[in-house]
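Should a chain be cited, it is by its letter among A, B, C, D and E, assigned in written order, with residues numbered from 1 in that chain.
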Amino acid sequence: MAEASTRLHINRQRQARERLIEGILFLAASSAVAVTVAIVVILLYEAAGFFQHVSIVEFLTNTQWTPMFENPQYGILPLVTGTLVTAGVALLVAVPTGVVVAIYLSEFAPAAVRETIKPFLELLEGVPTVVYGYFALLFVTPLLQRLMPDLPGFNMLGPGIVIGIMIIPYVSSVSEDAMRAVPMHLREGSYAMGATRFQTATRVVFPSAISGVLAAFILGISRAIGETMVVAVAAGQQPNFTWDPREPAATITAYIVQVAMGDLPHGSIAYQSIFAAGLVLVLMTLVFNIIGHLLRRKFREAY
Amino acid sequence: MQAAELQTLRQQIAWRKRYDIWFGILGLLATMVGVLTLVALFVDLIMDGYGRLSWQFLTSFPSRRASEAGILSAWVGTALVMLVTAAAAIPLGVAAAVYLEEYAPRNWITDIIEINVTNLAGVPSIIYGLLALGLFVYLLDFGQSILSAGLTLALLILPVIIVATREALRAIPIGIREAAYALGASKWQVVSHHLLPYSSGGILTGIIIGMARAIGETAPVITIGALTFIAFLPPLPFTTDPATGATVGPFEWLFAPFTVLPIQMFNWVSRPQAAFLENAAATGIVIIIATLAMNGIAIWLRYRIRKTIKW
Amino acid sequence: NLVKVDGSSTVFPITEAVAEDFQKATQGKIKVTVGISGTGGGFKKFCRGETDISNASRPILEQEMKACAEAGIKFIELPVAYDALTVIIHPKNTWAGELTVADLKKMYEPAAQGKVNNWNQIRSTFPNAPLKLAGAGADSGTFDYFTEAIVGKAKSSRGDYQATEDDNVTIQYVSRDVNAIGYLGLAYYLENKDKVKAVAIKKDDKSPAVLPSLETVNKGTYQPLSRPIFIYVSTKAAERPEVKQFVEYYLRNAAKLSKEVGYVDLPAKAYELALDNFRKGKVGTAFGGHAEVGVSVEELLKREMKH
Amino acid sequence: MAHDMNMPTHPVVGPLKAETSGFHFYYGDHHALRNIDMPVGDKKVTAIIGPSGCGKSTLLRSFNRMHDLYPGNRYEGEIRLYPDNVNIIERGVDPIEVRMRIGMVFQKPNPFPKSIFENVAYGLRVRGEKRRSVIEEKVEEALRGAALWDEVKDRLDSLATNLSGGQQQRLCIARALAADPELLLFDEPTSALDPIATAGIEELIGQIKHRVTILIVTHNMQQAARVSDFTAFMYMGELVEFSPTEELFVKPKKQQTEDYITGRFG
Amino acid sequence: MAHDMNMPTHPVVGPLKAETSGFHFYYGDHHALRNIDMPVGDKKVTAIIGPSGCGKSTLLRSFNRMHDLYPGNRYEGEIRLYPDNVNIIERGVDPIEVRMRIGMVFQKPNPFPKSIFENVAYGLRVRGEKRRSVIEEKVEEALRGAALWDEVKDRLDSLATNLSGGQQQRLCIARALAADPELLLFDEPTSALDPIATAGIEELIGQIKHRVTILIVTHNMQQAARVSDFTAFMYMGELVEFSPTEELFVKPKKQQTEDYITGRFG
């Protein structure tokens, strides 16, 4: 049966076809890398022109960002604080609420409630962010002004809260997925010890899902940092080096979109500055993502 | 167990169960924060914009007279941009996911790709706008076209599709794969005969959710310069161009200037006349209804898959 | 048969109106797109040769002229209307109905930053009330012109005021606070007369106080806060019949349409001169690459051009 | 606990810890258990055997009302717990209270992803015990009881999920023991373990049965024979035969039992 | 296939379909199989028994190179397939070709969520068969061979996943049979089934063994006794004993074998 034995040999034609397909798929997967590289290259390229005029030290240490004023100053810090403060306010809203919602939906709510509420929450993402901007400006801020009469019409608090509400579904749905992925036998283990729902949820399910919950936080941070239209509309557009959320301030994203629609002479340093600012923004999200990656590795699910 | 012991046990259980109730209430309240915000937003938009919603609004071009203005060019633009987005993001995203889930060896290259995918999910949308401005608009010279916008949004939703596809693939039991391999199927046969068909529902859900997000995106489309008054439709394939009388080619629309719904809304919102604010609100309603419909389809799909596919 | 216009958000409503009517008049044979990417962004594209016409709420700057020259793009500068910057206060504000340029300067100049925070610092007769300033975002033409006209130098401003690109937001802000003051385009004031009050401006102590209105601007008495706004046409594009047709249509209808969307039309003479300049292909700018305050449009159109 | 007035006796089994009578169970529409009458002797080991899907786990899990965790499940009839003589599946009875008195060890070891110490202390913490000394004492006692103390005493703070399978299962037993249960349920506790670990668990069961009543499900007849005092044979949701273990394996009363233990099916 | 020159014979087994010699298997660092020498008689049923974790499945899955699907696995030694007399774990041998000739039925029935017809036809489709008539004929033949034809012939287009567990498993057998395998591997094919379905599968194995060589893993010794001609007893990664089935159960040569089959462990 010599013929039979050759049948077992490697079928070159099929192998070549499989390799080709694998190559194509690999290229598709590599597109993610290509996009990242493209982002970094384009930002670096444009920012390079900026850094020929402005020293990196000034960029990183100056506390004034007034590229459009008569005596331009190029200190990114005010935009960074603006970004961090709004994101911080947003997270203070989104993280506790999102986690409570996630625990509630995953451990407390009956299936019917869960299945109806979840898609509703997901709709929060679908609303155009411009709408949220005006919601923050015309609804939330006046409401806050009743509680805090001194609150300026533009501030980071209002938009921060609105962004927070907007990203609740991000935090809650990723955390909920993580909690639902906790195997039932762990819950059974806890209930069998006489634990209540609340005890099981907080002492067993939540800690077991911590890595997924952290991933949700990171996603939330990225979204909060990257949100543009809400702050552009409602936080005021004056860079302001402050950690006080009650004050108005501009964020990196608000600055970029403002300039993209604005009156700057092209080729000016101010114009190039949006790429430098964009670079900082990307680096910030990168840092958070890496922190998230490390945290997740540390807390990897052990069940 | 002694009666006294039992008594303390019961007290102690009752005490612990109180937290269950409190947390149940807290959870419901927290959930309501989101839901009520949404309802408030929607009701507010409806109050402002309901009066403008009409057939005429959907079939008219924008105009300086608020009462005559409509969103025809905007919704056609949105539809076409979404078409490009889907055509670009779906094959790329699904292929990338298949590679990562089924092919990728465990090595540093895979690690780098993985990290990049999670990272891209976190890159602010405005940065995609900057990228697209440099890459699509200028370097590749697509201009401020439907193609540029579609590709920009495609990059934006690529991570969403990759993640959804991977999850759908992971949900397919290993036994199905083994069964196919055991019959002598090659890897690609396993992927194309089994994995993709069985995960198509999950993939579709991911696509729809990604697209629903893309529909409302404003910032990246503004950065590529789509904040534009457009009172005509892109040249639809095989129609005759009124100006030249020539027949339009199949791909000309890709390079046409365009506007999209959120941009039209943004444009109107910053007008001095109050009547334009009504138009903006009406546009907002249309966008929300579109996302609502898409999410609805996604939910229905998810539900149907859960019913039909079992292993 | 596509005319591409881009640039200033201030000029946009006029060009939009023209484009709308023009497309109707030509039965859709000629298409016009009108983008908003700011005066600067518009010139950027214009000097790359990507657009045919650039909307501008200020004259072209030296830097931009250089870029255009490098790319071999020549342009014709055509004023199309006036925009009047309007200073607004809360309707219940009883003391600031008239302000001099010097008063405004005290409020907005860079030296005021952090120091001038009370109305009585402007004039001792003003009440002891916190001064709440709003105004245009720092990269708008409005901001440039306001600082030029009030402080005396473009972009020279204090930084601690409520800045926004969206004039509706300024309206909101001022209408909610008796102690607030802000400035914006005339159109926004005209649409919101019920919510805010315009301030009459005195050029100096001796001049009369003038309220902004179509007449005062057109007659040239509302000074220094009225400014001409422009379109710039590329000469290369102007050779194309559709662009030519569009620009002529524009100049013939600008008077009517600019009024309709809340701007102030130029004197009729000015449009004739502009049309004439366009037909003759008079290239260059009358400004020499920097801003100027208070020149009449007719004078501009007759000036020797710089390019 | 001394023999109690409320603790009825059974002709074959002796004093009873629990007893099901006329017990039925439904997964939604699926009638999984039919009319089960089974005694559970106090401080004895009762094994439940039967082919896969016959309802062994379902019955066992009814004893601590695990089925309450999932919607659509329904109990019918009685499971009486002595000496209280309450029907623990009655509406008025709090499942949490039941579970605090009836512990359970699962088929797959399921330690929480916490430290070894925290795993064992869990039952005490759940009860609101805060005193460190009490907890430490109880944890040590339970770990000793589960024959795990010597192996882990130096690394009580390390993650329980890093233990070997057999150690994990003994940890789960310790966790259950620390809560001082009156009745301990085992659902195929060794089926995920290797032979050596299995032997360890079986030995452990032999040790603790003097302190606590044990109900164990197994699909390994030899195991039932080795560890139990009484054996219940179930088939298709019914209790076919209940006898002292030796009797059931040596001279089964029913043909089905005989067929099963001689390997004619299953 | 007639007895072939290339088909060696074994003193106990007779003509061989396959044979492992000096075979080792590693899951990464874990040495799961050690030095296995096992003959597989042509057109005979060979059972592999042993306690959980001893390596039964690992050995079985080596025969169709299932381990190639996962990274880090390593084969060593020989698995010869006759009459070709090729070492199928050699590098130059294509695992896909191996799997086309050696079928497999898994523990848990795993039909594709496609129609019954498409399930059975899948092996043919993979081979590029396109002729409808050929496929229909083969599908019917395979379904008859798996004793399922009568039950499903009227609903070949309905979803395979809607069948009962036993039917699904017979469908999986039909699916394997339709590809005309020379050797069929079964990994505990009945452990997820009820007794009646189990009996059906066992009967089926009896019917097809005249056409195809069978290698079956089971943890049910009675099942091994019922269906197999030869039995291999494995323990901790080693092949302890290989004998004709009757001999192994009646007078095992090794003490370990005897301990296991009398239920002293496992």
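Here is the rule we use: a residue touches a chain if its C-beta (ideal position, glycine included) is under 8 Å from a C-beta of that chain, and two chains touch if they have at least 3 such contacts.
No experiment lies behind these values; they were computed from the predicted model shown.
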Minimal step count in the chain contact network, subunit C to subunit E: 2
Remotest chain, subunit E as reference, centres from CA atoms: C
Leading chain pair when contacts are tallied as C-beta pairs: A-B
Interchain centroid distance [CA atoms averaged], subunit A/subunit E, Å: 51
Separation of mean Cα positions, subunit E and subunit D [Å, integer]: 36
Length of the line joining the C-alpha centres of subunit A and subunit B, rounded to whole Å: 16
Junction residues of subunit B - those touching two or more other chains: 13, 16-17, 186, 227, 269
Junction residues of subunit D, two or more chains touched: 96-97, 100, 126-127
Junction residues of subunit C, two or more chains touched: 9, 36-37, 41, 165-166
Pairs of chains in contact (touch as defined earlier), listed by label: A-B, A-C, A-D, A-E, B-C, B-D, B-E, D-E
Residue numbers on subunit A that touch subunit B, as the complex places them: 14, 17-18, 21-22, 24-26, 28-33, 35-36, 38-39, 42-43, 45-46, 96-97, 100-101, 103-105, 108-109, 117, 119-132, 134-135, 139, 165, 168-169, 172, 194, 196-199, 201, 218-219, 221-223, 225-229, 253, 256-257, 260-261, 274-275, 278, 281-282, 285-286, 288-289, 292-293
In the complex with subunit A, residue positions of subunit B that touch it: 13, 16-17, 19-20, 23-24, 26-28, 30-31, 33-35, 37-38, 40-41, 44-45, 91-92, 95-96, 98-100, 103-104, 112-113, 115-131, 134-135, 155, 158-159, 162, 186-188, 209, 212-213, 215-219, 222-223, 227, 261-262, 265-266, 269, 284, 287-288, 291-292, 294-296, 298-299
Residue numbers on subunit D that touch subunit A, as the complex places them: 64, 66, 69, 71, 96-97, 99-100, 103-104, 106, 108, 110-114, 122-123, 125-127, 159, 161-162, 172, 175-176, 179
Complex interface listing, subunit B residues touching subunit D: 1, 6, 9-10, 12-13, 15-17
In the complex, subunit E residues that touch subunit D: 51-53, 191-195, 198-199, 220-223, 225, 263-266
